[in-house]
Amino acid sequence: MIETRQAPATQPLLRVEHLSTTFDMGNVSVRAVTDVSFDLYPGRVLGIVGESGSGKSVTARSVMRMLRSPGQVREGQVLLDGEDLLAIPEREMQAIRGKKIAMVFQDPQAALNPVMRVGDQIAEALLVHGTSAKEARKRAKALLAQVGIPDVERTIDQFPHEFSGGMRQRVVIAIALANNPTLLIADEPTTALDVTIQAQILRLLAQLRLELGISIIMITHDMGVVAELCDDLVVMYGGRVVEKGPVRDVFASPRHPYTAALLKAVPRLDAKGDEALIAIPGSPPVPLRLPSGCAFHPRCSHAIDKCFNDTPPLSSMGDRRESACWVAAAGGNVEPRPTDEFGRHRRQASGAAPTLRLDNVRTNVASSGGLFSKTPPVYAVDGISLEVFPGETLGLVGESGCGKSTLSRTIMGINDVSEGRIEVSGTDVTSMDLAARNLVAKTIQYVFQDPFASLNPRRTIGQSILEALEVVGVTGAEADNRVVALLIRVGLSEDYVSRYPYELSGGQRQRVGIARALAANPKILICDEPVSALDVSIQAQIISLLEELRDELGLGYLFIAHDLSVVRHISDRVAVMYLGRIVEVGTAEEVYGNPQHPYTVALLSSTPEPKPDQSTEHRVILTGDMPSPARPPSGCRFRTRCPIGPAFRSDREICNRQSPELAATASGQKAACHFAGEASLARG
Amino acid sequence: MISFLLRKLPSVAVVALISSAIAFILPRLAPGDPALAIAGSDATPEQLAAVREQMGLSKPLIQQYLDWMFGMFRGDFGQSFIMRRPVTTVIGSRLESTLELAFLAMLLMIAIGLVLGVLAGSPRSKWARVVLDIMTTLFLATPPFLTGLLLILFLGIFFPILPISGEVGFFENPWLALQFLILPALALALPQAAIVARLLQTAMNSARGEDYVDLAKAKGVSPGRITWRHVLRNSLGTAVVALGLRAGDLLAGAIVIEAIFARNGLGSLAVYSVQSRDYMVLQVLILGAVILAVFIQLFSEIILAALDPRIRLES
Amino acid sequence: MKFNVLRTGGSFRASLASMAIAATLLSGTTLAQAQEHGGILTISQVADAQPVALLALRAGNTPWIRNVFETLTRIDPATFQPQPVLAESWTLAEDGLSMTIALRSDVTFHSGRPMTAEDVKFSFETAALPESTSQVGFIAREFESMDVVDDHTLNIVFKRPLSNVFDFFEETYIVDRDTYDQREDGSQVIGTGPYTFAEWSPGASITLKRYEDYRVEDTAWFDEIEVAIIPDPTATIAALRSTRTQIATGLTPRDTLEFTRNPQFEVVETGGTMYPLGVNVGIAPLDNKLVRQAIAYAVDRERINDQVFLGTGTVTDLFWSPSAPGYTDELASHYSYDPEKAKGLIAEAGAEGATIPIVVPAIPSQRSIFEIVQNNLREVGLIPEAVVLDVADFDKRQVAGDLGAAFLLLHGQIGFSSPTLLSSLPSLREGNPSGFWNDDYVALREAMLAATTPEALGEATTALTEYMLDEAYSTVLVQAPGQIVVAAGLEGVETSVRGGLILAGAYEE
Amino acid sequence: MTDTAPPNRQKARLNPVLSRYLQAFVMPKGQIGLGLVILLTALALLAPVLFPGGYDMQTRDSLLPASWAHPFGTDELGRDIFVRSIYGLRTDLALAATAVPLSMIIGTFLGLSGALSPRLGSLVQRALDIIVGFPGLILAICVVLVVGAGWTALLVAIVIGGLPGFGRLARATFLSQQHREYVVAARTLGVSNWKIMVRHILPNAIDPIIVQGAVFVVAAVFTEAALSIVGLGLQPPEPSLGILLNVGMRYITMAPFYILGPTLILVLLALAFSLLADALNSTVNRK
């Protein structure tokens, strides 16, 4: 945390008062934001935290007066330097947007106009506010340099698609900074980015705040990001503010059951791995059907009768703290009660034969090309060897594009194996002929990332699971019974048989996805980012369910994720993947406790943790982006970004020449680095 | 771009080869005899036989096909059975009429389609939107020949403003030629323009929901500039693809339009060739149409790549 | 319609004759010629030119061919007597088996070469070949020999007396034997007429130019004749109205209706087409003569004439020209509309409810005729069914004589003499689609062919006609004239007996 | 653990697909379209009841101008053009009702064939591309000539003409669906290609195909009319709108109502299906 946080100035830069926003859908009026008030003081960073549907983004858009139709601000004031933005004509607002208030969006891929050169997009922000074209271009270059884009003279005339995700977000930030705004609203600016890139962007934002004294509203769902960047915090739930206060204080002693539960539901990187997560039951409410009274009461373990009918007002809880909870107001405890906890115990590999074994597998993902043309091969998976034992969870960590999904698809036979071999229960299935396919389908099943996409919207839950049973030859009444049993097993009820996916929440859908995967009684589940599409409070539920099933059914998991805390929580062993290769593999304790590969170090160091006041000074933050698998670097694939590699130490020329083998290290795990163990975590 | 075209060449060749075989065999499957056009309907059987012999129609089909194919490689597309001169000359003499029609129709289609599409895709009053919607739906509903008939009835018969049939070469008398061209060109263009407009409208509406429009708004860009610089610019690709596809339809529509407006273009030549079984002309016309369709497709891909920097010309 | 032919007879003949006279009178006075000699005459025709078929009658050739080519003789549409053109005179031998023809000596082809008897012989021999597809070629095949006596004298020996040899002369253009085989693409279409064939853009236009060395100076009034090919009647009408066309050929009565009332135009009925309904005598129930007669009685010819041809046609059940020897109104109206009689005959034959498939070519007028015929036949208790064939398909089957049980045909051969028609009409000739050929028929035909005097021909014609009407294997429904519209101010336009435009004497007022 | 479902359960638990289509008729576009379709279909179906005299009542009153007795006048054979137009509509609707579903089914199957075998799919795609390149009317004429003019020939010509449209749509769906997670999920379960095609891909192709079907009705009538103009339509005396237009063209200056009448009916027909397609399209895309 950057120590520039003085006491708030007396006059707030932005004051939002009693803001209410509705969406008129035909004859129903949906309240997305109700009675939201907060202050932002100059030079400070305000975090607005909430899950999907909490109203945090609508609040931001209301401030910008950029609500999508049919959204409308019903009540309230947005005072910027004392001027009510909601009362001025649109033309004046246009002059304020981009000039005084700027905004950074979640998805830099979507936020840049794909057919406009980046330089022009930055310059446009200046042009529309009266800067001359020549001046605007000059400033655009300066801005690009300021946000850390290399080789500005060339890149200024490139198109967004020629930039990586992180670079694009830097461009978006450059656009936002163009007119030296006093307020920057960042709407989930790092959610679409990888951990190492997220760290870069967060560092950039912190730096800008420091250098330019800009005030920031940071909208996020990630407590880690809040802890790292924000001074003050607003927690939203069901369209209302439920808790407000300085970050440090809120994290130390949350005054609302929701804040408290949220902090406990997130797995910690530094956790030992044997404590259970405390999941928040249920799912966040949709604005159309808010529960009566306190919107959180159906999920709250402290709810009292009053919570059912009366909406608690935001009331002061001491020094700059406010909370909207009847229980807290009465001085009650709001820490979540452990519901049904699972004592976790690590299992060691039992010496049994591995159920799944990969031996030096390579997968070519280049399209086969036309009738007469040949395309050069692209190995997204380039020589991977790993084993999954019965009852064991192997976590596979890596950033997007590292090939982890291709790997899982190769195991399932969706992608063809170019080289190497895959064994399932000791049988070679590399050929993926009919018999091999059957064996794979019976032994290994897949849980998909996006439960919205992996269920056919036109088939009922029952039909989707029946199909899986049908394949293994279970039909008729027996199949119907199995469907119900499977649904109950994953925590759903019989009613769901005839429902369609759109009637289910994300968490419920993921449960169905798991039920379907279990239909064939597999020995191994490949879970490909099974919780990353879910809200934080739901993630814990699904992780707990997976753990429960593993212990009960003796399943082995290949658990693929980019979220290191989640992987640490569930995994026995962890493999770290970079650009098609495994760079480090070992037990969770070994890898997290004493990482040997500089990439692992960087990953761990980049992950923001929900602990305020942690120093970020000594973080290992990688530069640049992962190269394309079509043109991998020679020698060590990580060398282009390696903090201990030839990019920083010109004498380490071996990294350019020789690809390091995965070899045992002193601390037990295997790592593929010529200088394993040299980089280390410097935690504050 | 050159390498893109080169890479496409083999598959174009395959399509051309298959099409040539179909173009050759399909008309010949129909009963009838090109010799009849020469011999006349009241010829005696021996007169017909003599003419057939003279025309080389008694050769085996395979040989006729190979003669044609090898001829084409030498630049000889064959001789019209009926008109007794090179097919290229025959087609060339009709080309002007169709080109004039297609060119004007294309211009009208682009102009009307883009204007309607942009208007409908811009945020404006509900009333204007409804009017535009009705217009596009009406144009969309009436295929070219119906539009043509209605135009003839209203602008040619009830209010005789424009000539309804016949033609005059553009270079002979441009003013008169335009009078003859305007109705058929409109008839061809209106329904196609409606399709283009509708697609453009849809594309613009979806582009309007994109984040980059929000970002532009957050920059303080005015609504007009957003429409032109961001929304329209990103929707043009759709319009180009639509125009490319429509260009093919335009040619197909030209056949019927030429019949209705009594124009002596390639369409009427094609119909005449079918009726008189002038296979030599017909097969070249069909092959030409298929290859033209392929090239229009390639061309729109090239334009698309030029419009959208994300698209690179690959197979 | 494939053919655009003149018919002989009818009221228009007088007007044409008077035009011809006027032309002759004027051609004597050089005054008019001296005044406005020159300019371009524009003509429209519906079908494209077919120089490949110079010696056959083609709709695409009739409007221009008689101005580029000439024949030995021309039949006067008024008197039906052959008049000399390229032949100066001719002598038929006493026995009728040979003829000596004296040719003009001042005739030159457009190539400049003088025309000789060899050219005439070549033209006749070529017409006799099947690939010429001449409708009258069969007459030349009755020539025993042709002797070129000298450059300007030709002697022809017949196999038997040929009463219709002037039909052959009328239709056989004298072509240049040096260039005949280069005619196909229109590059060398060389004749002896007052205009040369200068240019042909297929499907678009033909350009004729004045032949400066024509044997009679200043015969051609116009510098150029532009023949536009406009297949669509509506477009033709538009061209007429806008004066882009001065003479429009190949129109139907429906198209010309508005011009008959317009003083700016003159409508000339010329040539035309006969529309017979044929049945196959080999297919039940049409093998029964009574059924065939019943069908002939059942058809309302008047209505066909009124509704399809707007009353411009001649209602007749005969193939012959009304001016032909042996043509009587009684015979022509033998099968006047009588549904009751038809019903009786069908009952007698026991053919009630019989299905009659009728083959119809996909031509609008034929379709309309069929609809009336179908309506008529239904009334008398038959079930007619349409089999519409594409024209090319239909023609092929007509040539092969294979059209099924019943069929609607059209023959554009009005203007030939009856003996010629016997062999040139697909409906009557051997191998006809009715499958009608027997000894009685052959004997009656032979008698007609053998007749050398008009009286004898008349008698033989009557005998054959009665037999044909009784057998009823093919009866004409209507003979309809073709229509030519001439813009006012254009004088001296003549037509041949079979509808060719003759513009040698045409001039602009 | 109880994860509460969002309580958005439908009142009527109709098949969601069906209920979605029904929503098309809530908007005015859909209502007008449906109304017109019903009106025209009813007219066509009831033609023998409304006009028991049939379509071939020939009289000597040729080419009468429009009047109350004959709203569109009479034709060259003295028949009422309005009656013939309605019977013509009957013919065309019957033709469309047969040809459109056939073309739809075959085209869809061809387009989805890639789900059975990728090679077959791209082969079929090539073939359809070639059909597309063919000048539409010429292909139809050739087909009619080969089959022999008449109902069957028209049917075949229309069906073939529709294949590329339906095929391309179905293929586009297939291409977009084949990498969808639930298709991949079915494949990882080991579900057969055939079942994946029918269960997972086909239902997603249906929306655009239905819309295209409504559009294609107009195209089918267009093909009929175009073939009639070339003289290769239905056999006389059965009227079709195309035949009426073709014959009417010849009387356009003498009796403009001859052509105006059938044209109006065709425009109504086209409008009806176009509106319907439009309404369906917007409900389908709303999801």
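Some notes on this structure:
In order of appearance the chains are A, B, C and D, and numbering begins at 1 in each one.
Methods note: contacts are C-beta pairs under 8 Å (C-beta built on N, C-alpha and C of every residue); 3 or more make two chains touch, one makes a residue touch a chain.
Computed from a prediction, not measured in an experiment: that's the story for all the values here.
Any chain that touches chain B and also touches chain C is listed here: D.
For this pair, chain C with chain D, the centres built from the Cα atoms lie 47 Å apart. Put simply, the C-alpha centre of chain A and that of chain C have 90 angstrom between them.
Work out the mean CA point of chain B and of chain D, and you get 22 Å between them. Residue positions of chain A touching 2 or more other chains: there are none. Shared interface positions of chain D, i.e. residues touching 2 or more other chains, are given as 145, 230, 249, 252-253.
The residues of chain C that reach two or more other chains are 234, 390-391, 393, listed in rising order.
Interfaces, counted as pairs of touching chains, are A-B, A-D, B-C, B-D, C-D.
Listing the residues of chain D that touch chain B in their complex gives 29, 126, 129-130, 132-139, 141-142, 145-146, 218-219, 222, 225-226, 229-230, 245, 249, 252-253, 256, 259-260, 263, 266-267, 270-271, 273-275, 278.
Within the complex, the chain B residues that touch chain D are 14-15, 18-19, 22, 26-27, 29-32, 137-138, 140-143, 145-146, 149-150, 152-153, 157-158, 164, 248, 251-252, 255-256, 259-260, 267, 270-271, 274-275, 282, 285-286, 289-294.
Those residues of chain B that touch chain A in the complex are listed here as 7, 10-11, 14, 209-212, 214-222, 225, 229-230, 233-234, 307-310, 315. By the touch criterion given at the top, residues 1-10, 13, 16-17, 180-182, 184-191, 195, 199-200, 203-204 of chain D touch chain A in their complex. Against chain C, the residues of chain B that register as touching in their complex are 30-33, 36-51, 53-54, 80, 82-85, 89-90, 93-94, 163-168, 262, 264, 268-269, 272, 275-277.
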